[in-house]
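Just below sit the structures, each encoded as structure tokens.
Shared chain: chain A. Partners: chain B in the first complex, chain C in the second.
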Partner chain A sequence: MKKIFVPLTILTAGMFVAAPIMIGMADLESTMLLVQKIFYFHFATWMAMTTAIVVCGLASAIYLFKGSKLADWYAVASAEVVVIFGVFGLFSGSLWGRKAWGVWWQWDARVTMATMIVMVFLGYLMVRKYGGPGSEKLAAAMGIFGAATSPFVYKSVDWWRTIHPQTTVMKTLGEKWPGAWLLVLFCSFAFVFLTVLLLAARVRLEQMRSELDHMYLAAED
Partner chain B sequence: MLALVLNVFFALQQQPTIPEGFVPVTGAPASEQIPAAPLVIASYAFFLLLMVFYLWTIWRRIGKVESEMQALERRQSDKR
Partner chain C sequence: MAPGFFAAALLVLRKDLAIEAKSREIVYTTLFFAVACVMIFSFAFVKEEGVPVDNAAAGILWIAVAFSGTLALGRTFERERYSETLRALLLAPAGRPAIYMGKLLGMLLMMAATEVVLTPMVAFFFHAPLFARPLLLVALLALGTIGFAAVGTLFAAMLVRTRTRDVLLPILLYPVTIPVIIAGVRGTAALLQSPPEEPVATLWIGLLTAFDVVFITLALWTFEPLMTE
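On to the complex of A and B.
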């Protein structure tokens, strides 16, 4: 990770500089016009959040059944990234909804379930911070539960038809203008790379905390 | 009597006709529309601020652990 950290940081920074320019220059969508441009980062943030959820679920399972300390570091790091991207996803969705639906908030199936999953991972972090000794295992179970919930969040728009656009919107996105698809892919990759970088930085912090604990233990001996 | 009837007739003629029921219009006036540009700008600005804030919290926490490590090392070397 050390070898690719700097090149990946430069690449991601470049992508995040280019993305708003490309979004600004992109064609307007015929029905939603300007507000549709929120979609490019809104969708990408959920891709990043899904990546972090998968990492958290797998790392939690590895920690719970194998006891790997590294897996625990990845689990706590990714849970934090889930909350950060989840907050942005809900916020950007709310701004889009203000124009598209005329309201800041709607208790729509997708929006409600997305809020719930962010709260599950917020709960994970609270258990880690205030749960005391042994809270890592309880939090790991929450991480697995949160990851198991994510497919339901994804399919919620198809199963319960409410106001949120369905998953099929992605198939129709590039029909009239293939550039929209490329832009969505570009932003999604930028967000996934950012997730990798944030995870690396956050795991480093956990590693340092562990080293500090060892130093305290050694000092007591 | 005829004058009164004519007065009422002309008064009714001058009143604007209010359409009954829902009459759709195409293209609401600009004053009735929610502007999209501030919402788009707010979305991207919030993302930038959130990332700067999150990176700052990571940097601050790493700095805190590093200074604690250094303090512990100093205490250890003083003991020796």
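On to the complex of A and C.
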């Protein structure tokens, strides 16, 4: 991770500089016009959140069964990333919804789902904070169950409410201007790379914290 | 000799039932709490003419089930904390998954006892035709309760060791079991339509079944490492 951290940071930074320019130059969508442009980052944050959910679930399982500290650090780092991107996605979605649907908040499928998933991972962080000694293990259970419940939340909310543009935005865009797909993909990759960087930095922090604890203990002896 | 999986699970269940039969504490307090919940909801969801809001019964029923279920979960494991009986139970020569299964069965029986009283009561107070399709309603309630209790039993068991267990249990349990609540409420609401929308209810029953299978498997799998200190 150390070796690719700097090149990846430069690449991601470059992508984030290029993305707004490319989005600015992109064609307007036929019905929503300028408002639709928020979609490129909006969709990309969900991709980043999904990546972080998967990492959190896997890392929690590895920590619980193998007791690897590194996996635990990855789990806590990814849970924080889920919350950050989840909140960012809700925020950008709210802005978009205000223009597209005329309301700031709509109890529609994706919005509800995202809120619930953010709640799950806030729960994860709360156990860690307030669970007392040994809370890493309890949090790991929450990580596994949280990652496992996400598809169910997705499905149930989907059946419950569906006014959100399913894939229609993508379809109409893709037909008129195939480049939209590439741009969505480009932004998604930028956000996923950002996720990787955040995870790496956060894991490094946990690692240094743990080293510091060891040094304190050693100094006391 | 160590008993088999089901024998051990049934032994744990028998132990819990024997304790409960003596005091009946959990069944009575949980039931009273559920009734109190329904009463409070009636203030919110009955309009001025004395007619409840559409589909209110479905939501009230499931929220009462979830709230009273949380209370029962907390009490069941609080009992195991006195004189460290949970540790004794874990030391017993029986597989950890079997202990989990025994606790889960006990929880299911207690929640079922509450629901047997709660469901007719909600139907009565809110003029809801809950029993138009009794089999589908029973399937929804049973599968929903299993899903809720499967996650709840695991979480309540693992939280026994923490100081903040009372507040952490609902914080962890509700977000994870949201699909159960949505499926239960929507499925029940579908049954309340006239005529009852059977395909919709069946759809939700399918989702609940999948949820139950995944979460019981996960719980059996993680109970052992979670309960090892």
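Methods note: the second predicted complex is superposed on the first by the 204 of 221 C-alpha atoms of A that agree within 3 Å, B and C clash if a C-alpha of one lies under 4 Å from a C-alpha of the other, contacts with A are read in each partner's own complex, and residues count from 1 in each chain.
The rule is short, and it goes like this: a residue touches a chain if its C-beta (ideal position, glycine included) is under 8 Å from a C-beta of that chain, and two chains touch if they have at least 3 such contacts.
It should be emphasised that the depicted structure is a prediction, and the values quoted were computed from it without experimental measurement.
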item	value
First (chain B), second (chain C), both or neither touched by A:102	first
Chain B versus chain C as contact partner of A:92, first or second or both or neither	first
Partner chain in contact with A:20 - chain B first, chain C second, else both or neither	first
Partner chain(s) touched by A:116 [first = chain B, second = chain C, both, neither]	second
Touching partner for A:9 - first (chain B), second (chain C), both, neither	neither
First (chain B), second (chain C), both or neither touched by A:202	first
Partner chain(s) touched by A:68 [first = chain B, second = chain C, both, neither]	neither
Interface residues, chain B side, partner chain A - complex	34, 36-37, 39-40, 42-44, 46-47, 50-51, 54-55, 58, 61-62, 65-66, 68-69, 72-73, 75-76
Contact set on chain A toward chain C in their complex	64-65, 116, 119-120, 122-123, 126-127, 130-132, 134-135, 137-138, 141-142, 144-146, 148-149, 152-153, 155-157, 159-160
Touch list for chain A against partner chain B, complex	20, 33-35, 37-38, 41-42, 45, 84, 87-88, 91-92, 95-96, 98-99, 102, 194, 198, 201-202, 204-205, 208-209, 211-212, 215-216, 219
Chain C to chain A touching residues, read off their complex	151, 154-155, 158-159, 161-164, 167-168, 171-172, 174-179, 182-183, 186, 203-204, 207, 210-211, 214-215, 218, 222, 225-226, 229
